[in-house]
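This is the structure I want to talk about, given as structure tokens.
All chains are identified by letter, namely A, B, C and D, in their written order; residue positions are counted from 1 within each chain.
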Amino acid sequence: MSNTTGQLFRVTTFGESHGPAIGCVIDGCPPGIAIAEGDFAHDLARRATGRSRHTSARREADAVEILSGVYDGVTTGTPIALLVRNTDARSKDYAAITRQFRPGHADYSYWQKYGIRDPRGGGRASARETTMRVTAAVIARKWLRERHGVEVRGYLSRLGEHAPTGHDWAAVEANPFFWPAAGDVPALEAYMDALRKSGDSVGAEVTVVADGVPPGWGEPVYGKLDAELAAAMMSINAVKGVEIGAGFAAVTQKGSEHRDVMTPQGFRSNHAGGVLGGISTGQQIVVRTAFKPTSSLRLPVQGLDVDGNVVDVITTGRHDPCVGIRATPICEAMLALVLIDQALRHRAQCGDVGAVSPRVPGGG
Amino acid sequence: MSNTTGQLFRVTTFGESHGPAIGCVIDGCPPGIAIAEGDFAHDLARRATGRSRHTSARREADAVEILSGVYDGVTTGTPIALLVRNTDARSKDYAAITRQFRPGHADYSYWQKYGIRDPRGGGRASARETTMRVTAAVIARKWLRERHGVEVRGYLSRLGEHAPTGHDWAAVEANPFFWPAAGDVPALEAYMDALRKSGDSVGAEVTVVADGVPPGWGEPVYGKLDAELAAAMMSINAVKGVEIGAGFAAVTQKGSEHRDVMTPQGFRSNHAGGVLGGISTGQQIVVRTAFKPTSSLRLPVQGLDVDGNVVDVITTGRHDPCVGIRATPICEAMLALVLIDQALRHRAQCGDVGAVSPRVPGGG
Amino acid sequence: MSNTTGQLFRVTTFGESHGPAIGCVIDGCPPGIAIAEGDFAHDLARRATGRSRHTSARREADAVEILSGVYDGVTTGTPIALLVRNTDARSKDYAAITRQFRPGHADYSYWQKYGIRDPRGGGRASARETTMRVTAAVIARKWLRERHGVEVRGYLSRLGEHAPTGHDWAAVEANPFFWPAAGDVPALEAYMDALRKSGDSVGAEVTVVADGVPPGWGEPVYGKLDAELAAAMMSINAVKGVEIGAGFAAVTQKGSEHRDVMTPQGFRSNHAGGVLGGISTGQQIVVRTAFKPTSSLRLPVQGLDVDGNVVDVITTGRHDPCVGIRATPICEAMLALVLIDQALRHRAQCGDVGAVSPRVPGGG
Amino acid sequence: MSNTTGQLFRVTTFGESHGPAIGCVIDGCPPGIAIAEGDFAHDLARRATGRSRHTSARREADAVEILSGVYDGVTTGTPIALLVRNTDARSKDYAAITRQFRPGHADYSYWQKYGIRDPRGGGRASARETTMRVTAAVIARKWLRERHGVEVRGYLSRLGEHAPTGHDWAAVEANPFFWPAAGDVPALEAYMDALRKSGDSVGAEVTVVADGVPPGWGEPVYGKLDAELAAAMMSINAVKGVEIGAGFAAVTQKGSEHRDVMTPQGFRSNHAGGVLGGISTGQQIVVRTAFKPTSSLRLPVQGLDVDGNVVDVITTGRHDPCVGIRATPICEAMLALVLIDQALRHRAQCGDVGAVSPRVPGGG
């Protein structure tokens, strides 16, 4: 079930970068959620390429067609199929690399696994697939918000060596980087312009948070909330690391420093990132994800072809110099998809009732 | 299915820290693997407490009884049930905290989720559960070694601020820390002695690797090898972060630096950590895991009780000052469990045949 | 995962009878199977309505569009999405029953479950969904045939009180009933003409068989081959009973009569229907399925509306007087889908090697 | 996951007939159910052999040990492991058939699948495994009763050619056959005595019903309530057929006869067996299951050995002349396990709220 995520809110995606379409089927969606085809546009635009010079020039319409599961404007509980036609695929860009393995790409591993691969635009391994994650998450976020008051947000917390000099949620949507400090943006733009000109790429880090998650979501011991978040983030193209709360900084922390003290007024800190024992505590859920630099560079590199010959590989397709720039909406989507799934699983086992007392406010 | 890991090599664990027993059921194990009850002792001893002064004083026999699935000394393909009786549980140590929530512990989140919890020794949230992960992995490792020549190893790569000053696999098993640099051990011992005396704890980082993994294991896009490794590691108690290959260091790398060049003689580097597009490349699989400092301290801390009152919490049970010290065998176990599961899934879809040519040696 | 069937060859279907489209996603398909859009037409025509006066007059083009997972004419191992647009839906026929519950229909149970239903043409509960089962099974049957020499066939073994007076496979495809005795067909036609004129409907029984299944497919104890066949058949609209081999006749059999004697030349009988202990024996797999008479009748009947009022229900849409008539291809499809899934699961656990000796020919 | 049944109330069983123990792990059980080790005795005694001369003479203590998941007398939401030691296994009875394949048995199919089998007492293929189904269902039945008022009951509805001459629930528990007509019992006893003396065996049919199931349980289209009931029953040893409601009798019914008319006072009939479109209607759930005659007979029969030689097979172990006699509690157990699983799945997707109006009383 490698193309399905979730156990109860099950999203199955399909489609190749340069195939006729991409899409998904959502199975297990609660009935009664109001959904229209226009509801997807905002989130898809945030993820889309072609909106600034800092992302790939590919410009897709990303028009979502609802094929099933919605009647009279609301979800019916039956599977929701969502379809997006590919409209701006330029497969000829890939003719040269049809028989080559690009270093750092999935070309070689797909070839080794399946004995065949669709080389056009990266095929199934393209980040185009994440379009459907964002699409499916629109419905998940709506349910989380309306039923539980849960809000999922995110921002770019590292762009190469750059770190934000401040944090202002209002700034995040006002620049093409999802950067939380408006004053840093000119420097980032200059940095990206230089990088693009050089033909090289760079890594990035995205932070996503969820506010309003009630205590009790998450299933120990193998379905822990943080375990599923780690898998969800790592399943995104180009991700090499995931942290919850203090993350790797916990390695050098003392226990007396790390443990978050609870008071009747709330937690005093949030090193846990909102998860203890794999179950939400009511605090903010905090997840950080590391993105590698894309390997599709104009800079030539030595590679191999399918006959084992050494060749010079030059990638001429349209690519992002930093895939992390567009990754914030994708990480948000995965966080939302994990949360709705855990919410439904919690409801299955423990019922619809709220958390028991005493309930500590999720501060800290 | 929160207490089951794996899709085809399915391990279901059960048991509380101070209950009568812990155990597991392995379903889907290939038939014909030679297994005897004595085969588990070595790996369990590596994970066990009570073997040095640097871990908890609890000393369990960890005797494994094979209840089913093995006949005439070999696995039969039917479910293998393995049972370990708890023999050194001291539940009275926990009387004081039966109605208290320890900061940084799963006490509060279990209570909120289920409305009830077994407080004795942490109940299900205890690291005692990981005994069965190591036990089940003994069989997985045997199959991986015998059938595919895959070897899984690991070491402690950070102990608080300490980093190894060298790397020698031979050193790892010769000290109680799984530390790869023999010369550093006296300093670590002094550090841990001081820490234990202070009543505090500290975090750590474990690195595990797998050699000999053929290209082709891993299922895009949600069952990627690295995604499942991330979930597997994050499902271990106290883990706050997971990295594959370059991990978070990839954030500041350039693409020209990160991409691993392939030559007919092998890969020139391994920033990918052996995984591209979620599929193994034939290189060494490299996973790093961050462990937080345990929150069970003798140092008093403010907490809440089940009635919402503020109380002073002092943990008097036997605890590890650094849970990461014993975590190397557990991380190895999870790596092995993910690998065997992916191996079987690959065989299901793509058959038993080896990888196709050209095949790049897994160097780098 | 209620709209997904199979564990490793996973087929997820979606779509309502009168929605814009129906479709499916096949995940886990082995790579390298040659598939073209024209390959589906033959099997879909066998299932389709509107081909004889004995089935519903609805006439769909049933044109299959391959959206993903096939490159250069062969499957790539990535998810295969197949789409069929609905072209002949007449939703206005259903206006009258939008707020009524038809007796014997899923109207009431869907309403109770979800609090909403799509009444057009039965919505998701329509047999239209089975189009995608037949479509997906085209690929399964191809793999089963090419790789294992397995052939799946079926016929109508009861039409109301009528039973075949002989058995000739050649006859089955030569009449609109899938009836194995050509001489009986005129009587069946007269019977169906009278039934249709009366406005009533009748039940039927379908028998499907698989030849060439090697011994060893099936997973005890809850994934038994026969258990999954039972679920697969019972998941088809209007099915009320499933038998394997002797089926209910085994109730009055003696053990000395039922047990199938093995000889080096083959089995002497096949009361088992090709399955012992949930695992195939190498004999012919035999499954019989009982279809109820459709409840969509022109004959008025008392029903209830959504406000609880008693109303007269008259179904004016286009319906089959005997849904069993078109059910043979659907039962074949489900048999094929179960077999390929079990074949892949067997390969995962036990490898690609053939059965061990002694191997009894599958006669009897 | 062949040894696990259920998606959310997951029961994994293990153990061979003559191994040291059998057991199960229940994962996903709602917290807060009061359970003690003595709660299992009543249902296990109903299933046990050795209680009358009409069943096998094997007499097991069937003492259930709770290993985990229960604290302070109630379930905690963590996995519940239940263990039953085998105490009356006589493996020497099976020495003769260690290298033989008994006709009608799983000996041959297990051998072909796994290349190895545990021949003692049928190994994993023994009906001994069903002990754990009954054990697990004790908890399921308790939850169904206490939370939803659902009662599961059953009886033997055919014993070879014999059919009950009346129906009295009070009679069922008062005879060793679960027979619903007390007056028939002497004739059945004579019949069974003669059968046992002859060394032969006979088939049987069991009917189980559930009262009080609310409308709305069941997940179309592949997780239909009736589809999962069919799989559950067919997964029991020796089952060859399953019917819901009218079952195979629907083949000869007219639609005007089959469809169950709804009135504000209730349904007028129950040909549907309580399920429409795969979802419960609120009527009584009715399932009938056909059991084949056991193939373990004292009457010699020709068979094969592992070297392919023709041999005379005589089964000398202790066996039931009619396995159906003890099957009523097992069928009840499977019905209960399917119901609790569907109840939790319904709660996950649609919430805890009751069914919507209008609600038809479940009469008929």
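Here, a contact is a pair of C-beta atoms (placed from the backbone, for glycine too) under 8 Å apart; a residue touches a chain by one contact, two chains touch by 3 or more.
The model shown is predicted, which means the values in this text are computed figures rather than measured ones.
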Same or different residue numbers at the chain B/chain C copy interface, by half rule: same
Furthest chain, CA centroid comparison against chain A: D
Intercentroid distance (Cα basis), chain C paired with chain A, Å: 39
Averaged-CA centre spacing for the pair chain C and chain B, given as whole angstrom: 45
Chain centre separation (chain C, chain D; CA means) in Å: 26
Multi-partner residues of chain D (at least 2 other chains): 1-4, 7, 13, 28, 31, 77-78, 113-115, 124, 220, 345, 350
Contacting residues of chain B [partner chain C, same complex]: 8, 28-31, 77-78, 220, 344-345, 347-353
Contact footprint of chain C on chain A as seen in their complex: 1-4, 7, 10, 12-16, 19-23, 25, 27-28, 31-32, 65, 67-69, 71-72, 74, 76-81, 83, 113-118, 123-124
Residues of chain B touching chain A in the complex: 1-5, 7, 13, 101, 103-106, 108-115, 124-125, 129, 158, 160-161, 200-205, 214-224, 226-235, 237, 239-248, 250-264, 271-273, 275-282, 290-297, 299, 301-304, 306-308, 310, 324, 345-346, 350, 355-360
